[in-house]
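Order as written gives the chain letters A, B, C and D; numbering starts at 1 within each chain.
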Amino acid sequence: MSDPLRVTVWNEFRHERERDDVKAVYPDGIHAELARGLAAPDLKIRTATLDEPEHGLTEAVLDETDVLTWWGHMAHKEVKDEIVTRVQERVLAGMGLVVLHSGHEAKIFQRLMGTTCSLLWREAGERELLWNLAPHHPVTAGVGDCIDLPAAEMYGERFDIPEPESLLFVSWFAGGNVFRSGATWTRGNGRIVYFRPGHETYPMYRNPQILRVIGNAVRWTAPRAAAAVPKSKNDAPRIAIPGYEQPEKYRTEG
Amino acid sequence: MSDPLRVTVWNEFRHERERDDVKAVYPDGIHAELARGLAAPDLKIRTATLDEPEHGLTEAVLDETDVLTWWGHMAHKEVKDEIVTRVQERVLAGMGLVVLHSGHEAKIFQRLMGTTCSLLWREAGERELLWNLAPHHPVTAGVGDCIDLPAAEMYGERFDIPEPESLLFVSWFAGGNVFRSGATWTRGNGRIVYFRPGHETYPMYRNPQILRVIGNAVRWTAPRAAAAVPKSKNDAPRIAIPGYEQPEKYRTEG
Amino acid sequence: MSDPLRVTVWNEFRHERERDDVKAVYPDGIHAELARGLAAPDLKIRTATLDEPEHGLTEAVLDETDVLTWWGHMAHKEVKDEIVTRVQERVLAGMGLVVLHSGHEAKIFQRLMGTTCSLLWREAGERELLWNLAPHHPVTAGVGDCIDLPAAEMYGERFDIPEPESLLFVSWFAGGNVFRSGATWTRGNGRIVYFRPGHETYPMYRNPQILRVIGNAVRWTAPRAAAAVPKSKNDAPRIAIPGYEQPEKYRTEG
Amino acid sequence: MSDPLRVTVWNEFRHERERDDVKAVYPDGIHAELARGLAAPDLKIRTATLDEPEHGLTEAVLDETDVLTWWGHMAHKEVKDEIVTRVQERVLAGMGLVVLHSGHEAKIFQRLMGTTCSLLWREAGERELLWNLAPHHPVTAGVGDCIDLPAAEMYGERFDIPEPESLLFVSWFAGGNVFRSGATWTRGNGRIVYFRPGHETYPMYRNPQILRVIGNAVRWTAPRAAAAVPKSKNDAPRIAIPGYEQPEKYRTEG
């Protein structure tokens, strides 16, 4: 019925080229795996990576992007500030953003949250149970009460984020930690989802439940309207209320 | 009983030196007026301004600041990014921040909100009524149902901010606009209040009700604990859960 | 593509039968007018009114209701507590609820909010401007920055509601008041929208923008999943974590 | 300096009289233990129990209560609706409410939340770790990153509550569950804290960290002002905006 959503899957794509253990899991890169796993008739998916010109996020690409997914880890600092600003402006204008796993410390996520987004972590291949706290929410549709992951990297509280608008998942880890693994925020006209699972050596992005949540998140963060945020108050139109008589001694500037 | 709160009142201090109409209202600068108006036995107030070295916000000054109030307007862009980062880190570590009036577009406020913080505006000396939506909240204590300002600059929605944690005041303007004039957020360990009234040519900062709210905000945003946010996950301590046996094939990094 | 949403438009239907001035505006009742105004291929609309058996809200009717809209005013107290409980349980299980105008003091709304939902009011045919604070939200789609109503009953703050999850509209009234006219909450699996405009003698429910918002609200509150909330913890399944060894001295009850 | 806070510790007080294993832990009842544990110069504590006349919550007692703590379990249904309404009105007018453990299904908590407040549970004496998600919040002051309880009853998600305003603690249970163990809401002028730990056979109310949190919660929920909520819109004063001329054809009712 309607046009497909245009999704850009962004990936740092360094681990997969530099480390054999990662290459073994994601030979074509996490972005390629995600693009395959999310493939559906209602989605038109492209990928972009750090080492492409402008990190693959040119104005032209973003003009054709409804939702951006973000995976980064070792090279957060190499993402240019001007590209971060460009992406932020798109989110504020309505583009959806789905931040995955170690993307919690991506500049774009910190920019939109205003906090460090730091957390505790441990790489111990321990069991993770993601409890669904929001069974009514479109992003959790179809995954039931709990997602059971036999071996995962641990992320633990305190996760330094603003109080989420909706808290979707809380993870339990065998080693004793808990974590807000799925959460949503609105910034400007843009919807943002953070979703924890995913790591360069655990094959999370072939897990159907994980892919289901990411697919849900992509569809839910899609923009609702052709809205635009004025960049500064100087761009904002003045209001003229018919019938309102302005006191003579004041002029309306602008 | 307890030590006084250490408050730093920051002001851009340009309008007051450059325009005679502003000088007439605030001959010593908005910061001096605010410092006088807020003076109380439980507060130890100092001031800082844009054109001082490091904008008056050296590490030494911030070491002795529990709460920072911020007024800026024409020179937001002259505030150095490194000082903005320094202030942001302090807020995340627990310092209170009270953003006043045109400070809505200050870099520090945009940094913490993640949005443009843009709005509509009109300078027409029109009547403003601030309705108290949170009579239970410490920041509105003592001001009753409504603050009535006979002549004010108009700020209008849509104000591009994240959904406030507590919406304290909504303003009515004679010309037909409404505005979320008082609101709170938490970022890291820091509490943030935005409060609208105040302008370089309307003597808002001599109005006892306005000063009451700002004083309340200063006291409410004061840090609760000597908390510190880890700057990145690498600084975060690992968790050792007694009794948790880590699978042999994994090492605990760090 | 999908089955139409099943909407039940509930109305007290007393004013329209008892007062000639109301009958002149809504000769068939507010419910009939709303049903006509909301008519669309994706909605299957029925109506129900207070004086029908079980207020028209039998288990059978609710079994076939995805979203319920509620208009009441003079006879809130005549709504039987057992029917309120029945509707509440449906909302918690996922049914959408759209509360209109004077429905702010309906038992069902008070039940779900936990507060009095009281407000200020004045019947003075004054101008109302509804400012759109959430241009990104599906419920505000298509109405632009502002809805202009030349003559309306006034509702004013403080509106005694829990802090909304999304604040959609704030109204400006010519007489000096403001009001949170559109807001959303989640309770259990159910989405709730409150929308202010509408009155027994102002023909709000023939205004295309007002109908647009109500139609949006109906579609947005529709349940996302066939979810059910356990009525008490005794109905809740016990969790059996494979591999978890329960201390011998404790038995698992149930 | 200021008068002590007047705290009423309410307890069902049935388990302690009927079961020897409970009597062994709390010989004088949970209320007596809590009153002892919370004793401090700034608190004036009394107790009240279910089987007293009016459940010990007469108008006279509530007139002298700033904060009420609530523990109930097996006899929730015996609490009279009129007393629940009385307590609810007090909370809406500003009285603080601290709901403990199995009080999650107390009528008063359900009334204020609008939901079932149901959850999963298991009595298996398993380890619980309460992670502090809000180190900046007055209610968590002094307890550090984590409270470690060697043997506790399990409460698990999904906890059917409205999204908390501040999420304070998330619990980890050895058996694989997580739970939002500390959370806050505002209803009317009243602050509400839910805090999970506590059970009739685990001596939680002698644990200094648990008592610390409850004491913090009592102090934080204390009313800020002598505020009162109008019971219905008919009690609400009309607004007379000086200078506003009402259209002739409309009368201001009331």
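FYI, a contact is a pair of C-beta atoms (placed from the backbone, for glycine too) under 8 Å apart; a residue touches a chain by one contact, two chains touch by 3 or more.
Because the structure is predicted, anything quoted here is derived from the model rather than measured.
K.L.:
Just going by residue numbers, which of C-D, B-D or A-D has an interface where over half the contact pairs are the same as at A-B?
P.N.:
C-D
K.L.:
Farthest from chain C in C-alpha centre terms, which chain would that be?
P.N.:
B
K.L.:
Pick the pair with more C-beta contacts: B-C or C-D?
P.N.:
Greater number of contacting C-beta pairs: C-D.
K.L.:
Centre to centre, by mean C-alpha position, how many angstrom separate chain B and chain C?
P.N.:
Chain centroid spacing, chain B to chain C, equals 36 Å.
K.L.:
Taking each chain's centre as the mean position of its Cα atoms, how many Å separate chain A from chain C?
P.N.:
32
K.L.:
Return the distance between the CA-based centres of chain C and chain D, expressed in whole Å.
P.N.:
28
K.L.:
Residues of chain C touching 2+ other chains?
P.N.:
129, 135, 156, 163, 165-166, 176-177, 186, 188, 241
K.L.:
Report the residues of chain C in contact with chain A in the complex, numbered from low to high.
P.N.:
For chain C paired with chain A, touching residues are 1, 94, 127, 129, 135-138, 141-142, 165-166, 186, 188-191, 223-225, 227, 241, 243.
K.L.:
Residues of chain B touching chain A in their complex?
P.N.:
Checking each residue of chain B against chain A gives 88, 92, 105, 111-116, 118-126, 151, 154, 156, 160, 162-163, 165, 174-177, 185-188, 229-233, 235-239, 241, 244, 246-247, 249-253.
K.L.:
How about chain C: which of its residues touch chain B in the complex?
P.N.:
Result: residues 129, 131-133, 135, 145, 156-159, 163, 165-167, 170-173, 176-178, 180 of chain C touch chain B.
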